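Shared chain: chain A. Partners: chain B in the first complex, chain C in the second.
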Partner chain A sequence: MMSKVISGNEAVALGVKLSRVKVIAIYPITPQTYIIEELAAMRDKGELDAEVIRVESEHSAMAAIYGAASTGVRVYTATASQGLLYMHEMVWWVAGSRIPIVMTVGTRAVGAPWNIWNEHTDFMSERDSGWIMTFASTPQEALDLTLQAFRISEDERVFLPMMVGMDGFILSHTKTRVYIPSQEDVDEFLPPRKQPYTLDPEDPVDIGNMFQPIDYMKFRHSIHLAMLHSIDVIKEVGKEYEKKVIPIGSYSTLNDSYKLDDAEYAIVSMGAWSLDVMQVVDELRKEGIKIGLYRIRYVRPWDEEDIKKKLGDKQGILVLDRSVSFGRGGHLYLELKSTLPEANIKGVVTGLGGVSIGKDMILPLTRKFIEGNTNNEWFYPSEVEKVELRNPRYIK
Partner chain B sequence: MSLNYQYFPVSRPSEGGGGKTGNWRIVRPLVDLNKCIGCKACYLWCPENTIIPSDGKVTINYEYCKGCGVCSNVCPVKAISMVNEL
Partner chain C sequence: MSLGIRDISNKPRLLPGTSACPGCPENIALKAISMALGENAVFIVVAGCSSIIQGMGPKSTYNYPVLNIAFAAGPAAAAGMAKAFKLRNKDIKPVVWAGDGGTADIGFASLSGAAERNDNILYICVDNEAYMNTGGHRSGSTPFGAKTASTPGGKKENKKDLPFIMIAHHVPYVATASVGYLHDLMDKIKKARSIEGFSYVQVLTPDPYGWMFDPSKTAELGKLAVQTCYWPLIEYENGKLFISQESMHCLDKRTRKPIKEFLKLQGRYKGVSEEVIRGLEDYIDRMWERIKSIYEGKVIL
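Our next item is the complex of A and B:
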C-alpha cells in the first residue's frame, strides 16, 4: 500500500486498472472524461492489459461492454449526466440480463438549461433500473467502492450491475491524499470472474429474448430478491476489504454515521458535502446541541433495517438533497419518509446545478431546522437575481 | 445459503418457444430439388432456422417458416420459388 495525491478520477482509473479489467468502452463526457483518458493512457503505456473500445455514444458504450461481459470477462465504463440518460435503455437491459458490470457516474446536472456542474439528479434517475447504486464521499472511497463493486456485482448471490457515483468536479477533479493498495492485495481480494452462463459458440444460449408474462414477472421478482440479498454481500465484502486491502476505511455497514448514537437530531446526506455536514455537527456539538450525521452510501439496496434502528428514535431528521423529483421533493427525503413515516423529517433541496454549498451555509440551515422553522423547502445560499426572460411572441 | 431465488433470463435455442408460426405465412418457399445443388446458402441465411439440409439437398420446416423469402433471394441457382399460399 502506498499513498499519492490524486484526484477522484485518477483514483477510480487506478482502481479499474488494479481490478484487471479486460474490456473498457470509452466515450468522453464531463466530468468523467479524465477517467477514460487515464485508462487509455495506461493502455498506451502497456500498464493495462485491456481492450479499449472507442464507441460513438454512451448508448453504444453500455451496449459494447454488455456484449463483452456476456462472454464472461470483467468490463468497465464511466459516464455522467446526459450520457447516462442516453445510456438509460441499455442500463435496463444489462440489469434485466443479470450481467455484472461496474460503471462510474461522475454526477452532473441534466439540461436544459445547459449546465456541467455537480448535482445528483442524473444518478438518482437510475434508481429503479435494478443496478446496485453506491455513492462515494471522498476520492479514497471512490477507489475503495470501485474495487468492492466488482466483488459485489460478481457474487453468485447478487449478479447485478453496480454503479459508483461520485460528485462531479468536487470529487472528480479535486486532488487529495489517496491510499492505493498493492496489486497482490487486490488480486487476492478480487479473483477472476465466474459467470453461470456465457456467450459461447460451443454451447449457445439466448440472452434477453422474449418471455411470457408470468416468466417475465418471475425474473423481475428475482432481481428484487437479489437486491435484498446483496445487503449481506456488501457487508461481507466491505469487512474483508477493510481487513485485507486498505485497513483504514469503514465498510462493515452500508451507510455511515458520525456522532449519531446519542444524538437527538440527525442530518441525512449523501456524497461529498457530508464532510461539510460533519464540521457542522462538530460546531453544533460545541454549543451543546446533540446532533449527528447519517450518511447514505447505498441508495440501492436501501438498508431499511439500519435506518429504522439508527434514526427511528430521533426527535428530528433533516435530509439534504442535491436532486429533486419535481413536485414532490428530494429523492432521499422521499425514501426516508417512506421508511420512517411517523418520524419528524424535513427535506431541503439545495446545491442543484453546482450551487456551492459548504459548512457556512449548512450551519444556519441546520439551526433553522432545530428551531422548528424549516418546512420542506428549497435553500438558496444567496440572493437570486431576476433573470430577464423574453416575452412570449403570441401568434396573431 | 440457498440460491433458489436466482433466475437468469437465458434460454437454449429451440424450436417454437412462442408456438408454431407457420400460419403467419402468405407465400411459401418451394424447393426444386432437380435444381438444388446443396450449397446450403439458404440454410445459412434462414433467420428462423427452418431449412434442414438432408441428403445433399434441403427441405423446409413449414411449421415455423414465416415465408420471408430470404432463401429464395440467396439461392445461387434459383431453385427456390415463392408460391402463393392460397
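Our next item is the complex of A and C:
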C-alpha cells in the first residue's frame, strides 16, 4: 500500500486499472472526463491491459460494455448528468439482464438551463433501475467503493450492475491523500469474473427476448430479491476489504455514522458535504447539544433495518438533500420518511446546481432545526436570496 | 466467391416453429443467412419483428446465442462484443440484425459510430420499408408514394439511400441483396463474414402485410424489385463498386422492366397517381446514374 495526493477522478481510474478490467467504453462528459482520459493514457502507455472503445454517445457506451460483458469479461464506463440520462434506457436494460457491470457517476446538475456543477439529481433519478447504488464522500472512498463494486456486482447472490457516485468537481477534481492498494492485495480480494450466463456459440442462450407476463413478473421479483440479498454481501465484502486491502476504512456497515449513538438529534446526508456536517456536529457538541450524523452511503439497497435501529429513537432528524423530486421534496427525505413514518423528520433541499454549501451555512440551518423552526423547505444561502427570476408568462 | 451445394448444406441455425407471419421475408432471409454464416456467430437482435420471430423466452428458434437489445444500441453492443471476443482469441462474428427503422432512423448514430471505428462486426439491415412490427408506420427507408399507417395519403419523401451513406463511411464492405435471389444473398453474407472489420448488408424483404400482397408472392416481389431496378444488387469492396449479374441490365434504361409491374401487386400503391409513378421512375433513374458514375470510377464516394 502506498499513498499519493490525487483527485477523485485519478483515484477511480487507478481503481479501475487495479480491478483488471478488460473492456472500457469511453465518452467524455464533464466532470468525469479525467477518468476516461487517464484510462486512455494508461492504455496507450501499455500500463492497462484492456480494450478501449471510443464510442459516439453514452447510450452506446453502456451498450458497448453490456455487449462485452455478456461474453464474460469485466467492463467499465463512467458518465454524468445528461450522459446518464441519455444512457438511461441501457441502464435499465443491463439490470434487467442481471449482467454485472460497474460504472462511475461524477454527479452533476441536469439541464435546462445548462449547468456543469454538482448536484445529485442525475444519480438519484436512477434509483428504480435495479442497479446497486453507492455514493462516496472522499476520493479514498471513491477508490475503495470502485474496487468493492466489482466484487459485489459479480457475487452470485447479487448479479446486478453497480454504480459508484461521487460529487462532481468537489471530489472528482479535488486532490487529497489517497491510499492505493497493491495489485497483489487487490488480486487476492477480487477473484476472476463470475457471471450468470455468457454468450458462446458452443452453448447458445438468448438474453432479453420476449417473455410471458408470468415469467417477466417472476424475473422482476428476482431483481428485487437480489437487491435485498446484496445487503449481506456488501457487509461481507466491506469487512474483507478492510482486512485484505486497506485497513483504514470503515466498511462493515452500508451507511456510516458519526457521534450518533448518544445523540438526540441527527443529520442525514450523503456525499462530500457530510464532512462539513461532521464539523457542525463537533461545533454543536461543544455547546452541549447532543447531535450526530448518519451518512447514507448506499441508496440501493436501502438499509431499512439499520436506519430504524440507528435513527428510530431520535427526537428530531434533519435530512439534507442535493436533489429534488419537484413538488414533493428531497429524495433522501422521501426515503427516510417512508422508513420512519412516525419520526420527527424535516427535509431541506439545498446546494442545487453547484450552489456552495459549507459548514457556515449548515450550522445556522441546524440551529434553526433544533429550535423547531424548520419545515420542509428549500434553503438558500444569502446570495441566492438576492436572485430574481423572470417567471414564464403568456405573451399576447 | 461462388457457393457450391456443399456450402449451403450447413445445418440451418433457424429452427422450425418460429413465430413469423405466413410469407415472412425475414424468416426466409434468416434461414438463408444462417446457412451462409455457419457456426461461429452471435446475433445481436435489435427491437423489431426478429425479436418476435424467435418466439417466447425461455425458448428460442434461433440456434445462435442471441443478445436482444433496445432499438438504438445494436452496433455498439456488437462493437463491445467484438473487442471481448478478440481479447479471448475467439473467431466469433457479432452479427447485428436490425430492421430499416432501427437502421435508418433511431439506430443510425450508433451504426455510423461503429462504421467509422471500423468495428469488426457484420450489420444486416432487413429492409421491409416500414416499422412493420409496430403496425406498418413509415420509416426513413419507406419509398416515395407508399401508403403506411402513418402516411395514409402516401409518403411525400424519397427512401433514405442507406447503402450509399454506408459506402461514404469508407468501410471495407457494403452490399445489397434481396430475398428474391437467395444465392446472391448467401454469397454476399459469406464474403461479409470473411471480412476483417465492418461490413454492411442491406436485404430487401418485401412484407406481405405492410406492402399488402398475397403471402405466397414474397419471393416474386423480391425478384420484381430487382428486375424493375427499384432495388439494385450491388457490392462495394476495397473502394470499388460491383453490380451483381441480376442487376446489370439496369445500367441501360431501355432494358429495365416498367416499375408498374412491381407496384401493381402491392396494396400500398393501390390507386396511386401517375405523378407518384413518375416520381418513383425519377428516383430510379437518378439512383442508377449515381451507381453508373461510381461503377465507372467517375465519382468516388
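Just so we're on the same page, the second predicted complex is superposed on the first by the 382 of 396 C-alpha atoms of A that agree within 3 Å, B and C clash if a C-alpha of one lies under 4 Å from a C-alpha of the other, contacts with A are read in each partner's own complex, and residues count from 1 in each chain.
By our rule, contacts are C-beta pairs under 8 Å (C-beta built on N, C-alpha and C of every residue); 3 or more make two chains touch, one makes a residue touch a chain.
Please read these numbers as outputs of a predicted model, since none were measured by experiment.
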* First (chain B), second (chain C), both or neither: which does A:60 touch? -> second
* In the superposed arrangement, does A:362 touch chain B (first), chain C (second), both or neither? -> neither
* What is the contact status of A:210 with respect to chain B (first) and chain C (second): first, second, both, or neither? -> both
* Looking at chain A, does chain B or chain C touch a larger number of its residues? -> C
* Asked: Can A:226 be said to touch chain B (first), chain C (second), both, or neither?
  -> first
* To do: Check the residue A:159 against both partner chains and state whether it touches chain B (first), chain C (second), both, or neither.
  => first
* To do: Based on the superposed arrangement, let me know which partner A:14 touches: chain B (first), chain C (second), both, or neither?
  => neither
* Should A:196 be classified as contacting the first partner (chain B), the second (chain C), both, or neither? -> first
* Structure fact -> chain A positions within both the chain B interface and the chain C interface are 204-211
* Using the touch definition up top, name the residues of chain C that touch chain A in the complex. => 39-42, 44-45, 51-52, 54-58, 60, 62-70, 72-81, 83-88, 92, 94, 109-110, 112-113, 116-117, 119
* What residues of chain A sit close enough to touch chain C in their complex? -> 22-23, 25, 51, 53-57, 59-73, 75, 89-90, 93, 199-201, 203-212, 215
* List of chain A residues in touch with chain B within their complex -> 96-98, 156-157, 159, 196-197, 204-211, 218-219, 221-222, 225-226, 229
* Residues on chain B engaged by chain A in the complex (per definition of touch) -> 1, 3, 5-13, 17-18
